[in-house]
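Each structure below is given as structure tokens.
Shared between the two complexes below is chain A, which has chain B as its partner in the first and chain C in the second.
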Partner chain A sequence: MGAGAVGTSVAELASTYGHTVTGIGDSSSAAVDPGGIDVEAVLERKRTDNTVGQLAPADLLDGAYDALIEATPTTLGDAEPGYSHVTSALERDRHVVLANKGPVAERYDDVRRVERESEGTMLFDATVGGAIPVVSTIDAFDSDSVSAVRGVLNGTANFILSRMATDSLDYEHVLAEAQDLGVAEADPTFDVDGTDAALKCVIIANVLYGGGYTIEDATVEGIQNVPASALSLAAEDGRTIRLIGDVADERILVGPRLVPESGTLAVSGTQNIVQIETQHAGRLNVSGRGAGGHETATAVLRDIGLLE
Partner chain B sequence: MGAGAVGTSVAELASTYGHTVTGIGDSSSAAVDPGGIDVEAVLERKRTDNTVGQLAPADLLDGAYDALIEATPTTLGDAEPGYSHVTSALERDRHVVLANKGPVAERYDDVRRVERESEGTMLFDATVGGAIPVVSTIDAFDSDSVSAVRGVLNGTANFILSRMATDSLDYEHVLAEAQDLGVAEADPTFDVDGTDAALKCVIIANVLYGGGYTIEDATVEGIQNVPASALSLAAEDGRTIRLIGDVADERILVGPRLVPESGTLAVSGTQNIVQIETQHAGRLNVSGRGAGGHETATAVLRDIGLLE
Partner chain C sequence: MSDRDPVRAHTVRLELDDEPGELLNALGPIADNGGNLLSIFHERGNRTPRGQIPVAVDVEATAERFERIVTALRETGVNVVQAGTEQYGDELTVVLVGQLLQSNLSETLSRIESESDCSIKNVTLSVGESAADPSSARLRLAVHTGASDAALEAVRGVAYDQELQVISPLAGGETA
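Up next, the complex of A and B:
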């Protein structure tokens, strides 16, 4: 469900991972075939006609499948329509793999409650860090033995800050350039005001502390007011500024922070990095491409592999 | 099986991960209790008497357990006695979690053959990269979509090279210091001649290409002949030298390589780093503590968690 960059990438790559796509839906249409749909034809139709088929989205949810991939856009508050998609699948005892952050950031306790009554399992590694295995790595440790998780969780904000630093450019200038390059969306609000990074931290907190968190529990500051001069001053001191999300001691902080210029957290461009502090294994660093259709799709496909 | 740093750490941490230790064995003795042994008493006995109990190692293998932890020292060639421990458990339809590299580096095809006939599963994330999830991360991708794996896989060699570089010291001087600090063992041969890193690369190659590799298939050069002057020359050019293991195009290369001084591969001290090149998700970097009893034990315990 969802025919944006992630949903279509999952459909494109599914067969190389040994899976059959029995349906694709977007906000207004669906294509369903229990024997497997013609992915190329459906994606071509999406490009030319902006629909994926002649059926309604509800037909997809009622159709034949083992796992529902929820890849509609992230929404705040009630997390709809993603929330209803997830619970519909779980109530039918189907598995769910999420790329949409909303249900596990804003309504984690609700979806977990529905999952407990279901024979289906819910996985959501794709919601944090794109291609980087963040949730699954935290999950693999006993959560009691993870003391903190922090990192760079938004590629757009990181691209803007690294570009401002290396070329002494203003925020507005670099943002416009990022939009031209397709790195920043037309409406980059959630990327630059910290909301996107905060939602990812909320998901991490829910995993670490067994639920109870929404974005209301996060203290969030964006990068819109970081002046070029602050980056120059930081550089004189061998440091730079990154938008860091930090989950520790049962609280969530997101904001621009000073970090060592050649340190592990100072990834450049659209890279993401996550540091996991563990009690028995020290600090683990995981970095890579934190966004992108194909990148996020591989995380979805890794999760599907775990369900078999 | 194995009461060295890793085996005893697994025993110490097992209960915090919700597991019961029903036996511990070393090369000459064993303690077994289906209801759970007194770990502290056994480890105290190991420290004072250098035995773990009054039984024979064979009694451990014949005892009651769900998963055998193979943590005896890595041996080359026939990989004994680890190989016999692993097959004994699989033949009894038990799971096996390895920290010992031998069986999966030197006799991968043999142990996989025995595993196929068994209801038990064999996992070995602890054999590569200590606390860093390397094998499991590669495994989570479709192996066809991983094009290369490279990295710093031996903490002792990395400690020596980073120390030689930062303080312009000779190999012999730093090696002696590393031995004093307990970073290098009394006999550091396998760490400095590249054998240890090569065995880890062999395991990676076996996972990536479905078996067929032993250390005979690796081209290996150690760090014993890297002069301090080579590191100074590299530094003048913004580079440094690291012992890099590289698995790509179905071949294994291990040796000292020039890498950018502030680049991702130039981790310092005893850190390890692994870069996984994927077809759809770009490059993934994973770094952390590559050795140590507790660190490696957490990898064993993560694997045990997957078996439940």
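Up next, the complex of A and C:
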């Protein structure tokens, strides 16, 4: 469900991983075939007519499938319609793989409750860090043995800050450039005000501490007001500024932070990095491409592979 | 120097008469006894109830040398109101962003010193191109060993009141 960059990439790559796409839906239409749809034809129609098929989205949810891929846009608050898609699949004892952050950031306890009653399993590694296995890595640790998880979780904000630092440009200038390059969306609010990074931190906190967190529990500051002068003052001191999400001691902080200029956290461009502070094994760093259709689809398909 | 007596930063709070040569008179015993002067905060605009000027001096010295410095200061007749109880072992760098010029920067700084119980070692200001642009200031603070988090909390409190944004290092993260 969802025919944006991630949804269509999953459909495109599914056969490479040996999976059959039995349906695609967007907010107003759906194409369904229990034997497998013609992915190319459907995506072509999405490009030309902005519709994926003749059927209604509800037909997709009622159709034949083993795992529902939820890749509709992230929404705050009640996390709809993603939340209902997830629960409808779990109630039918189907598996769910999420790329949409909403249900696991804003209603984690609710979806986990529905999952417990279900034969189906919910996986959501694609919701944090794109292709980087963040959720599954944290989940692999005993929560007592992880003291902190922090990192750069928004590629757009990181691109803006690193470009401002290297070329002493101001925020507005670099934002416009990022939009031209397609690195920032037309409405970059959630990327630059810290909301997107905060949602990812909330998901990390839910996995680490067993639920109970929503974005209301995060202290969030954005990068919109960081002037070029702050970056140059930081640079004189061997540091730079990055938008860092920090989950530790059962609290979530997101905001621009001073980090060593040549340190691990100072990734450049749209890269993401996650640092996991462990009790017995020191610090683990995982970095890579944190966004993009194929990158996120790769994480979705990895999750699907785990369900077999 | 032995490991058992490492060089640390200490603050001495003095109260000096507003007379020529008083400050120099107070600094002599510090140099004479092997103290490395880090900063002098001479609050000329302030007066104590006794009409003296409060001065905070940060000195780097071993504990033994510091004790000698304080003794020598007292012998010279300098009014030492506090010494040695504050040991600044950690350093914290923060960047403040906002309308620093419109807000009262010196008030902000002195509130940060008193409320976060730190000593400001260095301030670097970078002003925006036009008056409306936000400015940035980098502050290097000497804080008590292990008290960085508490100091940062206090800095945030002051900054919040002055409508400034604080860009701080990461607690527990890499520092340099």
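In the analysis below, the second predicted complex is superposed on the first by the 308 of 308 C-alpha atoms of A that agree within 3 Å, B and C clash if a C-alpha of one lies under 4 Å from a C-alpha of the other, contacts with A are read in each partner's own complex, and residues count from 1 in each chain.
Keep in mind that, in the parts below, contacts are C-beta pairs under 8 Å (C-beta built on N, C-alpha and C of every residue); 3 or more make two chains touch, one makes a residue touch a chain.
Computed from a predicted model, the values in this text were never measured in an experiment.
By the touch criterion defined above, A:G36 lies against neither chain B nor chain C after alignment on the C-alpha atoms of chain A. In the superposition on chain A, contact of A:Y17 is made with chain B only, not with chain C.
In the superposed pair of complexes, A:A148 makes contact with chain C only, with no contact to chain B. Shared-chain residue A:G269: touches no atom of chain B or chain C.
In the overlay built on the shared chain, the residue A:A248 is in contact with chain C alone; chain B does not reach it. Of the two partner chains placed by the overlay, only chain C lies in contact with A:P256; chain B stays clear of it. Residues 264 of chain A lie at the contact with chain B in one complex and at the contact with chain C in the other.
Contacts from chain B toward chain A in the complex involve residues 9, 13, 16-18, 130-133, 136-137, 140-142, 144-145, 262, 264, 278, 280-289, 292, 294-295, 297-299, 301-302, 305-306.
By the touch criterion stated above, chain A contacts chain C in their complex at residues 147-148, 150, 221, 225-227, 229-230, 232-234, 236-239, 241, 244, 246, 248, 255-260, 263-265, 275, 277. On the side of chain C, the complex with chain A involves touching residues 93-95, 97-98, 124, 126-128, 133-138, 165, 167-176.
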